[in-house]
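Several structures are given next for inspection.
Look for subunit A in each of the two complexes below; its partner is subunit B in the first and subunit C in the second.
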Partner chain A sequence: MATILEKSGFNPDKKLKIVGSSPIKHDGIDKVTGRAKFGADMYLPGMLVGKILRSPHAHAIIKSIDISAAEKLPGVKAVICRDDFPEIKAGSADGDMTRNAMAREKALYDGHPVAAVAATSESIAKEALKLIKVEYEVLPHVIDPVEAMKPDAPILHDYLRTKGVKGADQPTNVVERYELGIGDVAAGFAEADVIVEREFDTKPMHQGYIEPQGCVASTTEDGQIELWCSTQAPWVYRDRLSNILKIETAKIRIQQSEMGGGFGGKTGFYPEPIAIQLSRKARRPVKIALTRNEVFRATGPVSGTKSRIKIGCKKDGTITAAEAELIFQTGPFTGSAFTNAPQAMFTRYALKNVKTVSYEVVSNRPKVNSFRAPCVPQVVFGVEGVIEELARKIGMDPIDFRLKNAATEGYKTIYGETFGPIGFVETLEAAKKCDHYRTPVPPGQGRGTASGFWFNRGGETTGTLNIGIDGSVTLILGTTDVAGSRISISMMAAEELGIPVDKVRAVMADTHSLGFNRVTAGSRTTFSTGMVIIDSARKAIAELCKRAAGLWGVSPDAVTFEDGYCKPAGANVGNFEPLSIAQIAAKTMATHGAIAGHSEMNVTGAGPGFGLHIVDVAVDQETGRVDIKRYTVVEDAGKAIHRLQVEGQFQGGAVQGIGWALNEEYCYGKDGRLENPSFLDYRMPVASDVPMIDTEIVEIPNPRHPYGLRGVGEVPVVPTMAAIANAIGQCIGVRPQSLPMSPPKLLKLIDDHKAKK
Partner chain B sequence: MSKKYHVTTTVNGDGYEYLCEAQQTLLDVLRDELQLAGTKEGCATGDCGACTVMVDGTMVCACLVLAVETDGAKVDTIEGMAQGDKLHPLQQKFLELNGSQCGICTPGILIAARALLARNPDPTETEIRYWLAGNLCRCTGYDKIIRSVQAAAKEMRGA
Partner chain C sequence: MRSGGVTRVDVRYEAPETLQAAVALLASAGEPAKILAGGTDVIVQMETDLIEPALLVDIKKIPELRQIVAENGGFRIGAAVPGLTIMDHAALAKTWPGVLDGVKLIGSIQVRGRASIGGNLCNGSPAADSVPPLIAAGAIARIIGSKGTREVPVEKIPTAPGKTSLAKDEIIASFFLPPRAPHSGDAYQRFTPRTEMDIAVVGVGINLTLDSSGTCTAARVVLGAVAPTVLLSKECADALIGTKVDAAALDKLAAAASAACRPIDDKRGTKEYRIKIAGVLAKRTAQQALEVARKN
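Coming up: the complex of A and B.
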């Protein structure tokens, strides 16, 4: 199993026919014609409508829930609340999960589910929700993580003690203190000629997928469950649902729908356990499609952060030390993945002395969920501000400053990995050479740059490749197609098999059809599932050679496979006409059975990704409005399998970052309720807000992958807010340190700066 | 049981009759009663454009129109955009240029873009961006959507 990893077969000189082109994706036709079925697009006979009653309070003890009146309403088929979920100890991973799905002892945020109804129509379900009587004892709440850390803050969980602090024996909202460092920062700062230390804060933003979570659960009388849902993690959902609902995994079959955007936000479930429990009670299929209001109030925003960042360098540009103190808000339960941040924030610079201390803090907000490079862009917003400030202080071009400190192959990172071949230097050099950077900054505008890093991931992955009797090929993939992985992986299969990509079709499996697949996240999918399918293709090719050998009456090792044909390995083997996959399939499958390849791996060897963004902005000094005038993303893809899709990842990530930089935030009232749970008040970028996003794909191959690919989904959002803030700083003379850089905040910054002068 | 109203309408050239409640929107009915689920719900408040359809030739958000208001009306949705096996040039260009990533916003954007090109066959980039400002996309950063519309417009002009 490990052979493909040890000998990936990577050959930089191999001429590729399909990988690196941009064929039309096979699922595209369904998407432009309205056929594609997303989470809410499933309709089953007898299906009921599920609706969720949510807490209007940020923090309250649930004293009682009376569902009797709702149950009596004609058309209501099931009503559930906490009593319908198995008791699981609070504070455990499963205990948190079941409590986030349905509140038990307390409601912990505005929007926390407290009960649910399944009825024959939406209007009846809504009517029934009004008949559920919940008695709350409202408690003081805390929204801001710094407030939540104070000794007199309202405590969310009596059982919580800070992990990573010796002798922590008092209830607290601080989940964990995490320290990570290398070298000696005091000695490092002593060597510095210039030191810059700044404080930053960022607000939670929402992943903003346009498709609200939608699912249909259907159960049989003997307890078998089918769940159709929009998810990045069918197997993870299944295993967690099994744990919290106490149902064997073999009795839960999850079929992923097309997913209308996830960006990390569909790695954990929300309505799914509720739909299942309603369906078990009603013995009918139940659909729950969340509303946008519910999506904002109760699904995964991104951690807001506070950070203090200090970096010192010598006059020649060498960074001598870096230090950071970071606070991450996680909602009412742990799970922010905040340790990514100290591991990734400085990684791309070859630093010897680093000290970081990070805290994860609970508060009365919805539980955070992953978002592209979880927890990293928030702190890179600060790091890259300090980096550009240092560069300017010593009179160095900011890209040259980064080049001076760039990590290269052999650098041992703060998290222990020693880099193999990486493309940070090449990315920086490509940025310096690109048209945007060489063009002078237009008058009245400011230019900023920022760089970013993401580990890229591998992990548990399975897949199958089946050859049809006519030589065409089908793939069964366990990961979710978040933005075109079916075509990218089909391209790799076609390349291996030497057939046109149009002869390949891929489907996304249900959880009964393949073994465990880790979440589709962390830029791991095209890499990991690609590996598994390439391995499957090579196994199928070995079988094809065996079949050809049988037809020719020679030994299998006398047969070689090239460009879609089995051929005699040498002149001595005999004079046989090459056999195509279709010919071998037609001649042997009826007599000798199917030809297929299957693979499961815990994929390792992901290649780190690096990017540099360049942005020009104009700031209206009277209104504080920022116009993005020009934007370029430069990033190392290792190898772009499908070029248009790689560009799309770069562009989409950058524009999400533009929203995070300029507008997006959660606004809470004094009562702890979310004040802007709609697209009108939570303002994501629209087409007229942004320019074309230029892209520059750098290709420094990852030798651990047969085609050299790394992964491109996370890095594009990592430097965005920093680059924009740096550009704004050039425009207005002061670099913003707080997100979002919305007109009122920027106007105040401009006015304060003018007043100081 | 809420009172139901009888509605007669034409969707993509086909006649339909259905019963609906007064508060049901055109979006609710297209999806849940007629099972024309190509029209998507992203917000139900008219902010995202995923449910963009045409009613008697006017571009609307189906979530902001009551189904009873469309009695006697002619409704056009994404399901009627291709003619037989022939895709509309916009659909074709969205495929070729990757104007659709996850695809949830695509039906609404295609309907909106077709309405734009019917009024203005040669829009500037800015005109396209402002026309589509009511259609949210979170995947693409809009770049490839705009390029797809430009390419389709060019082809439709025969340029």
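Coming up: the complex of A and C.
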């Protein structure tokens, strides 16, 4: 694959006209007028309504399923269950995927799909669900991961043996034990003057996207499948659907809809394979739009965790060793991406001695899915609590403590990467200088800080740039636009071509129109697709120069491109008036046809991101209710392409973290059923719960990108819960170690602390 | 599925223009019927399959259910008047600020644009925000049914979560808020983890009257979300009556409020927490009601 990385052309002195501004998003008008089409907004002639029957049991053997009565109900066109999916070996990646889409041997969580119906109306489909007879043998269940690790816990999968443990031959719920470290922690702790060790726990939280999963599947008699859906990963969906449904990828065409929020939660499918199988059986298009109840009961939350974290430092602040034991709940199937946590949790500090042991554990709750910086914020909640405690113990400002230990260029990380130019030190310095940190803590309030890191990602990416006959430009992008990547990428194309950004329009491709694109996740899209489109623009510019050379009768080498014009490279070339893109494009019929650029890469060179959050809180000491008074996010964006979008990412991460920190929690009954599957009782913050989130964009360029950018989607949530907990600790005298820091839990902490004094 | 059929019958919607017609519809309905005012509970419950009514009787076209009028020195509020209209009523705001505080806390602006106090009461939730201040105010509901009209104190209407003492063919037409004695004040406070769009973990409505020396001569204290129905607590009222509503009285009130609670552990709060917060909130609400009373 071609790559421009080695010659990214990054030039810190280049004067930028478009990059760094904040133009109106091209998809913005559609979004605010309601014209944008989301997953559930597709209608096809003859379309049926699909509904899913879900297990009311957290853990049960499915002894039999009788769909005959449902099939006879007038208006019902198809009923499916496990028998309508190809058999795939349990315990394999595809085996897990098909079993999560439709239960086979067992139902493994409340809400697990067991059958589905397609009918001519929603009410008929609902009636038909009631006619499906499922015979269950209810088994003991386990919700909590620590309980699930106990020897006498109910076993979810007889075949499971712990990976990473020699000689593990007994059935278990522990999927994997993963050890990662550097140096010698015993020697490190021996050098420490102060050691702090604490235990923490966090709860699963839902990504909370406003748009529930929605899709329409349509199939033809010769086996072609079209799927319209809300997804962060059209190509990944296609390839996985191909694997579990045994259909060639060339026969599955997926068109992504607009994205009504994903945050990682739409990186894996839910109703899509069901809609396809219903459509194949009914020979009609089928729409399934999940309800919020279904979203909460059966789509991915993030992992809940238990952790023990120990850090030692010298009196001068130098950290000598760090150790962690981490447990991650993953739902009934592996896939939590938990190894991110030990790799990222301490990374930003130049540590020499680190030891981590991590476990991934299955239990009877919905399979977890990605969320911004998967598995990292949960453990940073603990790490940054210990960091602030150490700083206070040795009488050092917490930001100075972090500066003392900050990793810089050349530090070799625990996961093997050696940092290039990074902006952690600059981020910390910017935080110290910002108005919020310099303002004294208001009376009665507490202030906390916390820092975070995310790798940022690259990966397989494709894209095309087409120049129209009038010189305006269209882009064909594959990576889903979850948070404004379209406008940022259009801006980079415009910057390269020297044309106004309004002359550029991007469309989101279906999976037949471009080569494989990895999922939009890990803060990779504006970086990677931006890179591909810049490469495409440079290829198109080379072609423009060739066409100008042809029109002038000179060699292509004698033409340069500058600010949107092809010009003679020097005085000796001849006296030619510069030609604009539009002028050259107008002559494409007479030259060699359309001018375009296309690129595909496996993009590397993502620059790591670092952030520091500052938060002031007030706590009602009689009720335990927390009021977030002031919040500032300081983060290195490398280069902010679209400043407002970058600020929006910072703010959105902090807001989601505020919900996770304070109130978001799944309530399971003793029967293993979810009791709060609605936004009324699953308490995400509402607008009036959060203050305006202030932002400070630090720009330490990533030289491996033409404009220096770093991804900004993950870091903003990483430190949030830790910062809030640290602030609450300052307010009430004891630092909470368990999420959510909801009023009842906090009041108990306050009262217990008072009783001790 | 209904009445032995194999296909579902769609919901029948009726919007009568008189109370008599509405009552007749309810009386003759052979299938499950639901009264529809703002719909902020009914529609949501239908959407989430909690209820499956066959008949919806929309009462918003009945004029007397949509108006607020002065009556005998008090106010009569139509049962289907939307929350925002009640909040905009200047004379009500001055006389019954606690009732308005209850209305103001229901849902969000959008919800209050539709939701009515009649619906809030008939939904039967012990956590309904407008109910404790209405009971504290001594509000009387006018109920119309096939057998005629009844005047019933609001506290007699909820009987259990989701249940009321109304007969199948009865509709609440209006609420009467009585005239006020001088030096009277009411207040409602609730506790929720979020600022809005949340359901009370505990709610407290208090209405009290002082004499010219500042001694409390009458009080009604109502606790929400701490028992199967909203509680009108005599013990709490007794803690205030005859006192200057000073620190000692407030402590006694808090203790009485906590003692009166019969809460459950659920997704919205624990027993232990509700009992504690009932005391805290009773104090705070009494202080607020006291301030209002002193100004009147």
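What we mean here is this: the second predicted complex is superposed on the first by the 751 of 757 C-alpha atoms of A that agree within 3 Å, B and C clash if a C-alpha of one lies under 4 Å from a C-alpha of the other, contacts with A are read in each partner's own complex, and residues count from 1 in each chain.
Here is the rule we use: a residue touches a chain if its C-beta (ideal position, glycine included) is under 8 Å from a C-beta of that chain, and two chains touch if they have at least 3 such contacts.
Being a predicted model, the structure only gives us computed values, none of them experimental.
Asks: With the two structures laid over each other on chain A, which partner does A:11 touch: subunit B (first), subunit C (second), both, or neither?
Replies: Neither: A:11 stays clear of subunit B and subunit C.
Asks: Quick check for you: in the superposed arrangement, does A:742 touch first (subunit B), second (subunit C), both or neither?
Replies: second
Asks: Considering only the touch criterion stated at the top, classify A:662 as touching first (subunit B), second (subunit C), both, or neither.
Replies: second
Asks: May I ask you to decide whether A:28 touches subunit B, subunit C, both, or neither, giving the answer as first, second, both or neither?
Replies: In the superposition, A:28 touches subunit B alone.
Asks: Given the touch rule stated above, what does A:555 touch, subunit B (first), subunit C (second), both, or neither?
Replies: In the superposition, A:555 touches no partner, neither subunit B nor subunit C.
Asks: Could you look at A:220 and tell me whether it touches subunit B, subunit C, both or neither (first, second, both, neither)?
Replies: neither
Asks: Answer with first, second, both or neither: which of subunit B and subunit C does A:68 touch in the superposed model?
Replies: In the superposed model, A:68 contacts neither subunit B nor subunit C.
Asks: In the superposed model, which partner reaches more residues of subunit A, subunit B or subunit C?
Replies: Touching more residues of subunit A than the other partner does is B.
Asks: Kindly classify A:688 by the partners it touches after superposition: subunit B alone (first), subunit C alone (second), both, or neither?
Replies: The answer is both, since A:688 touches subunit B and subunit C.
Asks: Looking at the overlay, what does A:680 touch: subunit B (first), subunit C (second), both, or neither?
Replies: It touches subunit B and subunit C both.
Asks: Could you pull out which residues of subunit A sit against subunit B in one structure and against subunit C in the other?
Replies: Shared contact residues on subunit A: 74-75, 123, 291, 678-680, 685-686, 688-689.
Asks: Quick check on the complex: what are the subunit C residues that touch subunit A?
Replies: Going by the criterion above, the answer is residues 1, 6-8, 10, 47-49, 108, 191, 193-199, 201, 266-270, 272-273, 276-277, 280.
Asks: Write out the stretch or stretches of subunit A touching subunit B in their complex.
Replies: 22, 24-25, 27-38, 40-41, 43, 74-75, 121-123, 207-212, 258-261, 263, 289, 291-292, 482-484, 644-645, 647-648, 651-656, 678-680, 684-690, 692-693
Asks: Any idea which subunit A residues touch subunit C in the complex?
Replies: 73-75, 123-124, 126-127, 130, 291, 293, 622-623, 625, 662-663, 667, 675-676, 678-681, 683, 685-686, 688-689, 742-744, 747
Asks: Quick one: in the complex, what on subunit B touches subunit A?
Replies: 1-2, 21, 23, 28, 31-32, 35-45, 47-48, 50, 77-79, 81-82, 87, 91, 94-98, 100-107, 110, 125-126, 128-130, 132-147
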